[in-house]
């Protein structure tokens, strides 16, 4: 199945809506082990993304993703801005000029994005960051494609893996980002960035699903 | 966990959380038109006569809510530009890139960055952009907060009070004509010789969040707090000013360590909601403690210089001085928040 | 009505309420040994090089809890001595008498007194004592608070923000060698040309009382508040910064009245618990309002200069300037809290 | 009946105890229409009085009262310090050198004290100040003596009149002191200074009473 610009736009729009809806939730997670702004930052960023995407929404996937990255870099600030910004800039660079994207290309773009996040933030797995949601997601998606699964299934597997990775951050002690200042006091809390990353991947999977869409948000308010 | 949207402004003198930073920038521009100018989108506060040909430019920035840091330190003998982010959120690379371009007098620009993941990454991206435009850009990272465990594998210590002292001292050197390498070396020295630790009695309220960042009982305090309402090292029972000052100061002294005979600048900083009379009570206790240790206070600073909105609490910063740092601390400065000899 | 004794210190950085003022004085002496010296029992903060032969001495004082006022204004070009009372309680005549003796350089002494019954009576008794010792003593009473109805039959208006400006301007004249009559005349002019009004978002807590002076709901503010937590003119719903600034400024402007073409010093003061970023938001609105009225801000001051412990809120003060007052406002000053050109 | 130094000392000591006991009450009255420190100030003052009286307690009545006045002037501050200070300084001056005081002398001293308060504070009757308790008290005491009543009865009449005067401050709008800043908002509150003055006169009456002493404080906690 080839993914179109319209579908990518749909994903970004859907995710913007979810971020708006989950703003307080993400901010609450960040207040516990950070500075209580992650949801606010992401929402400011994705509202900007919607504005910046409007004039280019008919352009190629690469343009959509790079525009998203630039909008995030220029409006989010904090750790989230450069990290999500880099994620989308790199993913977009990988899909430069394409209006239709193959399954492999799409997952490759996610992988490029993750690579950018790791280069920018230098987080290792289990440092209790968004990397802990993104890394298993990309791995599972690649694995699924390699096993011949359709994209829809690969992305569901990615979202499920991200969810697991997100939950697995709870017992971890943070070693990167603001939560690391807490040392042992960061243990027992779910990482906000891993949570927003999971939501992003679930939104992607739901956007591209041909099945009736899963209720993305109900899984996150518990 | 999801909270209902809070509509109250929670007792702030603002119009809306969204307009607060720009309204305040406009207020600064109106109040200090002789010293600074401001630009919006990207938001930058720039020394009025920047760029100064041949002078190394000093740029800093960080989340808003720490006023007077950094905008209040723009002017002669200190910063050339400051980039205010959203409240408690580091600014974006386009702000620092614009600031860098606006103050580059061909001698290069030093970025003064507090050690927070967000600040560092945004400043890095800005430096990449600025270098792409041909600017020479160095960065110094302040990380003076002894409350945070340092390690190779973590984000390390936060940058707090030393940042203010560094901006003054390095600003003095830049004003005196030091080149980018000299300015960078001096900045690293200041950071290496400074240590800080803070505590809070109450939480602050991020305007957009509209509620206290943390709950704290009437008989408790948070030790080792940062400047964003993030939790500190431990929560303990409220203690007397003398005991609090001794905990903060002794932790700092042991960390560097500061030694008998050292001359220091002692800086007692208010978090924003603590009356000045209390800061002097703390300073008195800090002075008594240091005197007992044979450490001599040769310069001092008491007041609200790196704040955390309306948080009640204080931080103590010590900076070991030598001839060079003393000279540039004493050098003329004229900014909205610090001014002497001019 | 009798309350159980409150044992909690209610989140203050102090040792005991009883020792707070002296601890803070000791802290000031340690932090500003180059500028001031302190004496205890009676408690006085004295300019280091006082008395200065031939210079009119300037003495002020009032309750503690308004820091940096007045102790923070002792030094070159401003006050020669300040008498800190107990928190929010005017000092006693022996303090002012000692201060007067300590700074009398034979040219006479001016007492700067805020218009509160207690302050006036204590300063009167002090002046009687000092005159009994042969000193020439004049007094000027500041009464700039437009929130209070003035009348021949009442205690009249309170002295608030103008006091700070007066101490600076008159201090400049005294430093320049003006004699007691000239200094007194100038002081009266400054008071006559200045008006203020304040508001509060939250109460303060007098340490000995150990609890908030007044209760106020999360969506209310107190308009026309003084600096001691005393109730103001009215309690209203919380408004936006722009609306608050307009209420305060328009009331002031209509009172003098300030007129199109007037040049003013605009002073936005924090009550102690309000972040500086919010004071700049207010300044921006004040500036916009005055610009609309054709009144020109030629000097400005923004910050915590006459406070009410940890109260959140602000006051706006306008002072109509002329050549003389502008000149002495601009004159060198070097005190713990205000410093320029030296 | 002649009043001795010991009885005057007893009065001052008793009043110091009452002020200490009623500190929060007086402060509460002051918080409503002033700055919430009247009880604190008076207590600080009378604790100082006790210290300063100790070395002179055997001296003449004039010395006791002047020492009290000086101690108050030097320790109370605010409006209370000069006003109560002047009251005792003037009363003491009227009784200079006397170790035994006649009924008429004592009431005359109270009158001199009141005169000092009025000169110092320039309050008129019904300005809602301590003058509203002191004035009727002095009048009633003089009247009673003129009618041939014994001192004890004159002082009871004075305390009763002070109590009435104190209560009569409730409906008044304050015109002097800090409460005057409130304008109409001062209406409906009892003046703290009138209250401490009433307590002072009740303490005097109780101290000099040959009858079993009235429970001074219970009347004030309502």
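Labels for the chains are A, B, C and D, by order of writing; each one numbers its residues from 1.
In this text, contacts are C-beta pairs under 8 Å (C-beta built on N, C-alpha and C of every residue); 3 or more make two chains touch, one makes a residue touch a chain.
Fair warning: this is a prediction, and the values are worked out from it, not measured in the lab.
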Rounded Å distance, subunit A centre to subunit C centre (Cα mean): 54
Chain centre separation (subunit A, subunit D; CA means) in Å: 75
Chain centre separation (subunit C, subunit D; CA means) in Å: 32
Contacts with two or more other chains, residues of subunit D listed in rising order: none
Touching two or more other chains - residues of subunit C: 87
Overall pattern in which the protein chains touch one another (line/ring/star/complete/other): line
Which chain pairs touch, all of them: A-B, B-C, C-D
Subunit D-facing residues of subunit C, complex: 1-5, 42, 63, 85-94, 116-118, 121-122, 124-125, 145, 147-149, 153-155, 158, 206, 208-209, 213-214, 226, 228-231, 233
Residues of subunit C that touch subunit B when the two form their complex: 8-16, 20-21, 23-28, 30-32, 64-65, 67-68, 72, 87, 201-202, 218-219, 221, 238, 240-242, 244, 266, 268, 272-285, 287, 297, 300, 302, 304, 307, 309-310, 312-314, 334, 336, 339-342
Subunit D residues touching subunit C - in the complex, by the definition given at the top: 22, 24-25, 27-29, 31, 33-37, 40-41, 44, 73-83, 85, 120-121, 124, 175-178, 180-183, 185, 221-222
